[in-house]
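The following pair of complexes shares a single chain, chain A, combined with chain B in the former and chain C in the latter.
Presenting the complex of A and B:
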């Protein structure tokens, strides 16, 4: 297929087009993923996550430019709706972003929040695959890091970078505990502001009680992204984490974990589709709901009956699939 | 059972104990829900949702006190981890909260974020049921409103109140579009700060393009919760929305919708349990993963095979359940 050939040549139009197809989760998407799957497995995936206003986008911009200078190609996927990459944030941010928008080595794409609805959608994994097939050395994912969805996304990356800033106070609690546990590098951005030292100490203390990461001790890095301070060091640390994973043979484990999540997400998303599209509109659902409303049955009894119905639907599906093959 | 008798008498210790049981999602939880289900259906459920720092907790405190003054009983469930109800936020907030902590009419409970993991957990619905069985006239739910989880929770309430404040800038985008669509009342809190008028205009303009709500035009209310300004008006509007739903016969529709979500959540949570506890640890999963890693199969092919396996597990479960009955 010409489109896939162009994708493999990193043609921006082909990347954009296939990303859109994949994001729309159509039958066509599945077909594309099946076709590009043999060519993937080379990209290194980095996640940047942290609360609003912590300066993730500026950091990503800085890191991407440095990586490009060192000869790498980069694909950016922004899930944060307030990200300037996604068209959010202030005009000034968006103008600044043009610095990286104009570089051939860097491809940027924002993901509509619909794409991660329920955290169960296979979209993210598929979009990483597209960037991977396009030969991007690094795929960078930007998320907000407040919901379970983001923890799930963060689990799909090779290096997880948690970004925060001084003065957030108790809002730091908004970074899910699960994220702290899987963070590989912690960045205190806007480190020229009051309270940066306290933030660094806070992270060090949190990390002390955090589970072992096979010998990797997550560094806490201070940056001032808008002044391009600390970015070089962050890139060095990032690359040293990559090297650490490679040397310890952990990278293949991470890839396996990502694939596992991808497969699980496909299964979950199929089940949820069946539940929401077929089960919900079935007459039986309404009948059970009537019984629950009149308290003849409790929600658990209704759920059990409906689960039996769902199993029948699944068996029917399976049967149809079998006939297709 | 004595515990349930005490719950029906609104004994705080019994409420707290049963809420804990329900939150832990044990087999015992299911039993309790089955036992209290015949006594529920009277509570009116209000959701407060909005970004961090918008003053939701102070508003909830104000509204609860006013409702208590008018003779109602209130149960508060806080999902926002930064909420002073949940032990987050500043010490000052927590001291202030004691005003309502000391009142018999108001029962406060925070929900660990684990409780809403993946937004699929039936916990919230069950915790509402417990408050309902304890005879609370109003159940108030506090969420952050940034993730899909919160949109799902907001769908379970009778009146959904969206709280924001001036000066949030583009962070307002963080309120999910889905939340705007289901908001019944919009509050611009901290309305004595610069930019309040702009925020009010913003909401009015957003609401113009928003779908019809059966004739209810969502009011935009200005409040200064810390100065107790606008709270009485907010309570009046809240009660008028309740009356509107009752008169139009929409309340029973809302209850039906909530029950539907509850039942769906039970089904989803059971499926996810099976997937994560049994499917993930099965030898077949590892074998398919090997094939996917070596690119002999793509993720969709693996997912299909595993789905067949899951159906077998479900049939087995169903069979066992049948034997128990």
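Presenting the complex of A and C:
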């Protein structure tokens, strides 16, 4: 396949085309993933997550530029939300990445969540794989603007960077579970604004008491991304976290987590598809619904029965797949 | 696997005009029509625009221009698209473009020019009918 040969040469058009194919999850996509899987596993994956407007895109621009200057190649996967009503999306992360748009070392791709919640895109694992096969040293993922508990990103990446800014609440917000537990590095961006010092000290005090992470104490970094302040320090810390994981032999654990999440997500999406497309429209579902309405059975009893029906459907599906092969 | 193809469109503002109200209205309308719309932001060079077209693998490129520099910038963009092997995507123009300039722009391969007052629905339908899904 010519496309795959070109992908391995990091040809931008081939990368872009294959990203589209895997994103669309066509039959072709399976074939491509099979073909590129043997070449992957070299890229280091970094995630940027945090509230909307905290400066994730601008920070990624700065960090990518510094990494490129240090001789690395970078693939950026910037995710924005899709509309739950139209399914369309407005993808605007590139607007904040003007300085790196024409760097040969950097490839930027805008991605829509395509209806999946949690801040990531359903096919993000495969899109990382494509960047990896294209030989990118670093793959950077920007999640949609997140709030409190969109934590899947931490399992997809090697280093998870939480971006926040002054004025987003007090210590109480920081103590709440969620993002605080998944960050390897915390960035207080817009640190020239009032309240930055307080934000930094909230984070430091909460992180001091947080559970042991194999000896890594998440640093808190102040940046002003639009003025390119603090970016060098952030890159240094990022590389030191990478070194830490490598030295401690923790990278393989991260990769295991990523694959676990990916496999789980594929199973979930297949199940949801089956539930929505077959179970929900089946006569049995209606029949049990009627029983529930007439109070002959309670919702739990109905669910149990329908669940066994779903399992039967699954086995049927598997049978059909087997015949195709 | 189920197929989840989406129409992907790049909306770009070439050159040095600083007004993008119109471009943003188009972006929103296309989003509401179920498309994935990537917006480049203001003051883009032809090189930046074509680079984004390649990386985003879009089906259509929409150029919005109000500065009057379309006769300089559009040909350069069309040349670069061909050079990068993206000559087959749908390219549309919009903004303030005099009637007498339209024939020569169409000769470059720009399929249609939509002036002020065009209904967004017209543009949506035009894109849906004219993109080549491979």
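Convention: the second predicted complex is superposed on the first by the 285 of 325 C-alpha atoms of A that agree within 3 Å, B and C clash if a C-alpha of one lies under 4 Å from a C-alpha of the other, contacts with A are read in each partner's own complex, and residues count from 1 in each chain.
To be clear about the criterion, contacts are C-beta pairs under 8 Å (C-beta built on N, C-alpha and C of every residue); 3 or more make two chains touch, one makes a residue touch a chain.
Fair warning: this is a prediction, and the values are worked out from it, not measured in the lab.
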{"item": "Contacts of A:144 with chain B and chain C, given as first, second, both or neither", "value": "first"}
{"item": "More chain A residues in contact - chain B or chain C", "value": "B"}
{"item": "Contacts of A:310 with chain B and chain C, given as first, second, both or neither", "value": "first"}
{"item": "First (chain B), second (chain C), both or neither touched by A:30", "value": "both"}
{"item": "Touched partner set for A:273, first chain B, second chain C, both or neither", "value": "second"}
{"item": "Which of chain B and chain C A:263 touches, first, second, both or neither", "value": "first"}
{"item": "Which superposed partner A:214 touches (first chain B, second chain C, both, neither)", "value": "neither"}
{"item": "Chain B versus chain C as contact partner of A:13, first or second or both or neither", "value": "second"}
{"item": "Touched partner set for A:201, first chain B, second chain C, both or neither", "value": "neither"}
{"item": "Touching both chain C and chain B, counted on chain A across the two superposed complexes", "value": "30, 82, 88-90"}
{"item": "Residue ranges of chain C touching chain A (in the complex, touch as defined)", "value": "1-6, 8, 27-28, 30-41, 47-48, 51-52, 54-57, 84-86"}
{"item": "Residues on chain B engaged by chain A in the complex (per definition of touch)", "value": "30, 33-34, 37-38, 41, 52-53, 81-82, 88-90, 113, 116-120, 122, 125, 144, 146-150, 169-171, 173-174, 176-177, 252, 255-256, 259-260, 262-264, 266-268, 270-272, 275-276, 279-280, 285, 288-289, 292-293, 295, 298-304, 306-308, 310-311, 314-315, 318, 321"}
{"item": "Chain A to chain C touching residues, read off their complex", "value": "12-13, 15-17, 19-20, 23-27, 29-30, 82-83, 85-92, 94-95, 98, 101-102, 107-110, 112, 114, 273"}
